[in-house]
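Across the two complexes that follow, chain A remains constant while its partner is chain B and subsequently chain C.
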Partner chain A sequence: MSATFLLDGRAIPFSEGQTILQAAVAAGAYIPHLCFHPDFKPHGSCKVCTVKVGGRQSASCTTAAAAGAVVESDTPAINAERLALVQMLFVEGNHFCPSCEKSGDCKLQATACDLGMVSPHFDHFFPDRPVDASHPDLLLDFNRCILCSLCVRASRDVDGKNAFALAGRGLRTRLIVNSRTGRLVDSDVSAGDRAVHVCPVGVILPKRRGFSVPLGRRVFDLKPISAVADASAQIEER
Partner chain B sequence: MTPDPAEAAATAMARHRHDPHELLQVLREVQESCGWITPEAIDCIQARLGLPRSKILGVATFYSFLHINPCGRYRILFSDNITDRMLGNQVLLDRMCRNLWIERGKVSEDGLVSVDSTSCTGLCDQGPAILVNGIAITRLSEARVDEICDLVREQIPVGDWPAEFFRVDENIHRRDVLLGTPWLPGAALQAAMARGTEALIGEMKASRLRGRGGAGFPAGLKWQACRDAPGKARYLVCNADEGEPGNFKDRVLLATAADAVIEGMTLGALATGAWRGFIYLRGEYRFLLGHLEGVLERRRAAGLLGESILGREGFDFDVAIHVGAGAYVCGEESALIESLEGKRGTPRNRPPYPVTHGYLGQPTVVNNVETFASSCLVALKGGAWYADIGTRESSGTKLLCVSGDCARPGIYEYPFGVEVRQVLEDCGARKTKAVQVSGPSGACVPAAEFGRRIGFEDLPTAGALMVFDESRDMFQVARNFVHFFAHESCGFCTPCRVGTSLLTQMMDKLANGHGSPYDFAEIEKMNLILQSMSHCGLGHSACNPVLTTIAKFRPAYLRRLAHEEFEPAFDLDRALGAARQMTGRDDPAAHVLPEEAT
Partner chain C sequence: MSILDIDERLFTLLDKVEFDRSPITDIKEVGECDVGIIEGGLCNAENVEVLREFRRRCKVLVALGACAINGGLPAQRNHLSLPLLLQEVYRSEPGAEYGLIPNDPELPLPLNKVHPLHEVVRIDHFIPGCPPSADAIWQVLTGLLEGREHPLDHSLIHFD
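Then we have the complex of A and B:
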């Protein structure tokens, strides 16, 4: 007999130690999220999954589920703030959705569509982030990085390689590669690593596969992200 | 000559017992020997400590004072708090760059020197201040700038510069029970041991002593919670990462009453059963390291630290000093613990709290320097005596760090409950327009509210009290603070990382004369997002200075509004500035005239 909490009026069962988002994803309920992935330890950095519990807002991926808790998620006020966060991620990086080969499979793009984003709203930062095409099988396009650190966690916790890390501070925070030259080809990453499949945006891309599934037939082209809840596995299989 | 980087790294690692948790200390010491953290040093650390290179780089690039690229044999950083600005630091910085023929923020072509700015260095009472290779220099003047430029050009080692440059005064102008009590090493500890451990916690609770870092959590409860938490070992941390602009009381306490601070920590160890303590000293106070090491050594020799303290079998406790490397966010206790563990100083997800899961996941007490010092008074004179001072919610005294427009900047100790007006009178402030209490994240108090009182009931503060007279522009004060938060955001969470930068853009837009009421609405919206979605207090309070100054000093903003509805930030003529600089042209034809722009 498991305990439950209420998410927008729907009873969500959870087990001891689960966070609100973990339980919601397991139950097939959708709370917008970007840095969270059901297979990895929650990070709590993107804050898109913020919900209101007991009058206070906090990231649902790191907030422990509690029996009887009343959680508000899908409200106009919270969604408006989420939209602003997503817009912030867009202006912080350089995102070219129409020409991006991740289009349709990108969680940032899909979340933005779902939240009704029609403009970036804020002034673009236009950061200078050179790509790393050194690896024979993989391309790193840092322009799209949202610093979710899923590749960092996957490489460390699953691949046992520590191929990626976050460096810098504040707005200069950036993804780096574990090699003396800083280039991907000099690291021990390989195309089969979990870390290179987990990216929710298009930073880590396999080469020569870009449009094997045509645009218009990809996961979020067919259904909005809120209707597929967590589509991680589906996209990663590609 | 600069030592071999690999050798420097090997020495530093040996000094820290090849403990990967000491990574930050190792990196800092390599930088001190070599001037920067070279790839060879990183090779050596990677091999010996078994850490991934990316992790070492992640840590090294998090802290402002660490460099993984050559950054000049003389690294000069101007403290850039609003009080330094009021004392003319910008003119002096420009003068130094001109003298040395260098561009701000860039290393000279011969690799000799770099000049840039940094956040407040905790010397607001004797600014403008700078750091040269990490060591503080006070009271900068045009003459001193010129002298420094000569010393740099002649390549005189910083250690041989005139001692007067490095003089740091205490500037204590009012003493009460804390600064007025002569500290006999061991007296408080003896009193506490005579009373018994249980009674010590009882006295602490009875004293109602609240944490002096600003948040005000009852110290006795924290000690008890740590003692009662299950764990293999317990730790005590003295938070001397005093980064709040305008604050400098910890600097003065550590310089004049280090014995009381360390004895307070030892009391904490007695109460909680901690076996090890750390003083996390902010990098800007590097100059205090030798002094503090000396006090620790003396106390060890006197049997007040180490094994069997004061002869009591099993009472073992010692203190190590960790020096920070320029990251304000490490003042947040969980970020501080991450940093102590040799990581990037990112605040943790809470709960759990440090008191149950702190350093290395063990129960840990983190208290402010002043809290530990004050606990000695409680041990010496009893909880009831202490609780009698101050007010109901705020017992005891508070050290206020007064800076800005006044005749006598410095430290003032008052019982809690003192009116702002009284402080202004005592420090010789005239025609005061406003005071900023507790730094950028605190409250801006206009003249009409000078009857308000310092204390948790009304104006809580970590200690800073910056005074602004009628000549000051409160908009620029808020703008300086907003830039500070953007610079110091750790970058972990989206709202703070991006939001604080967007906020600086908004304030700069107003400063550039492109503001409209639309921007007020945008600032208000940003405030709501930062408040409700940020990971820690830095993001929560980043909008405070803007909102309070808009509320209390609206004319300073209205003056800057170019349009009554909306005005774009983009300015074609300004955008061409880079092109003008590259072509060396600045004649009228190289500018877009207003009518052309439209």
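Then we have the complex of A and C:
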């Protein structure tokens, strides 16, 4: 691992085949991201990790690292675009943080705070989405889904169950459960699956665990997401 | 109530400002104001009227708290129909078999959906939180009084 690229002036080492974001995360450098997780194949959907490389903008999770590349990430212009993306995610779903068990551990919320978001700016969609409480150990609240597909990838690649999928296109894209009835209880998902622990927001939640860590003492209550080296592991252990 | 959380700093504030319409003064009409602070989402026709009046009378309008900013918990009724909600509240409770849905002309008409303030009028500043911390309110108010505008400190941005 001798080749490096420059991320906001800092030399980031990388190995052959790594993307810019993979190398940055491995080096402890923060590029805002939501649909990326170091353990899973990049999806390139949320675009929050967009950076400028050689004068062109691209998603850093799917852009191969190249020796000597000059990458801009933490600039006012790029952060303003990230803020707009995050605001759109907030209005496309129903994100009521005060009533969400994931508050303080939520990457969407933490990313928004880090970008200085104080309002969603756009008009709310207030979509009508169901809640699936059929499973004895898990709750599915589709109101908070940002379509990152991490549960889809984890179920397919780690659990070997293909329990989740994204269906539909454009604004009609939605998370579905692979079971005869479409309900979680009729799928082969279990509480120990990796898929039910990777959700960056509060869609897949374990039941009977509410407030096991009090509000105010959760991962992003203590430090901003940009200062937490790898928040994924800390949150998934819960 | 969150404004009262700024505690003894209220006295410092009172040296510099004069309250117009507020829960403390109970003045019904809005006068010409430099700063208007509004909390809560838009749930009924009166809310919209008051908000528009505030916008006309205030040079700077501040949305305070989660309900004002994204509808908050009341907006969780938005995927249900209003008739269904009224039936549920006034006709379905035990003992309410003979109850009626209130229909007095003096009552403001509820809106089909709860809306945040920025969807109806221009908002100049937002103070998020449920409720916002006293320090966040203080930082915005003192900033406005001193004529400076800068983003809320990161530690003061909370959505819960």
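Please note the rule applied: the second predicted complex is superposed on the first by the 236 of 238 C-alpha atoms of A that agree within 3 Å, B and C clash if a C-alpha of one lies under 4 Å from a C-alpha of the other, contacts with A are read in each partner's own complex, and residues count from 1 in each chain.
Here is the rule we go by: a residue touches a chain if its C-beta (ideal position, glycine included) is under 8 Å from a C-beta of that chain, and two chains touch if they have at least 3 such contacts.
Predicted model, so just to flag it, every value in this text is computed and none were measured.
**Q** For A:Pro224, select first, second, both or neither according to whether it touches chain B, chain C, the two together, or no partner.
**A** second
**Q** Please work out whether A:Val118 is in contact with chain B alone, chain C alone, both, or neither, and reply first, second, both or neither.
**A** After superposing on A, A:Val118 lies in contact with chain C but is clear of chain B.
**Q** Taking the superposition as given, does A:Glu81 touch the first partner, chain B, the second, chain C, both, or neither?
**A** Touch status of A:Glu81: first partner only.
**Q** Return the chain, chain B or chain C, that is in touch with more residues of chain A.
**A** Counting contacted residues of chain A, the larger count belongs to B.
**Q** Considering only touches as defined above, state whether A:Phe126 meets chain B (first), chain C (second), both or neither.
**A** A:Phe126 sits against chain C, while chain B stays out of touch.
**Q** Between chain B (first) and chain C (second), which, if any, makes contact with A:Gly44: first, second, both or neither?
**A** In the superposed model, A:Gly44 contacts chain B only, not chain C.
**Q** Pick one for A:Gly104: touches chain B only (first), chain C only (second), both, or neither.
**A** Once the two structures are laid over each other on A, A:Gly104 reaches chain C alone.
**Q** Can you list the residues of chain A that meet both chain B and chain C?
**A** 123
**Q** Can you name the residues of chain A that touch chain B in the complex?
**A** So the residues of chain A in touch with chain B come to 42, 44-48, 50, 57, 59, 62, 81, 84-85, 88-89, 91-92, 122-123, 125, 146-147, 162-173, 176-180.
**Q** Which of the residues in chain B end up touching chain A in this complex?
**A** Touching chain A from chain B are residues 39, 43, 52-55, 57-58, 61-64, 327, 344, 349, 486-495, 497-502, 505, 525, 528-529, 532-535, 569.
**Q** How about chain C: which of its residues touch chain A in the complex?
**A** Contacts found on chain C: 63, 66, 69-73, 75-76, 78-79, 113, 115-116, 118-119, 123, 125-128, 130, 151-152, 154, 157-160.
**Q** Sort out for me which residues of chain A touch chain C in the complex.
**A** Listed in rising order, the residues are 90, 94-100, 103-104, 109, 112-114, 116-121, 123-124, 126-129, 215, 224.
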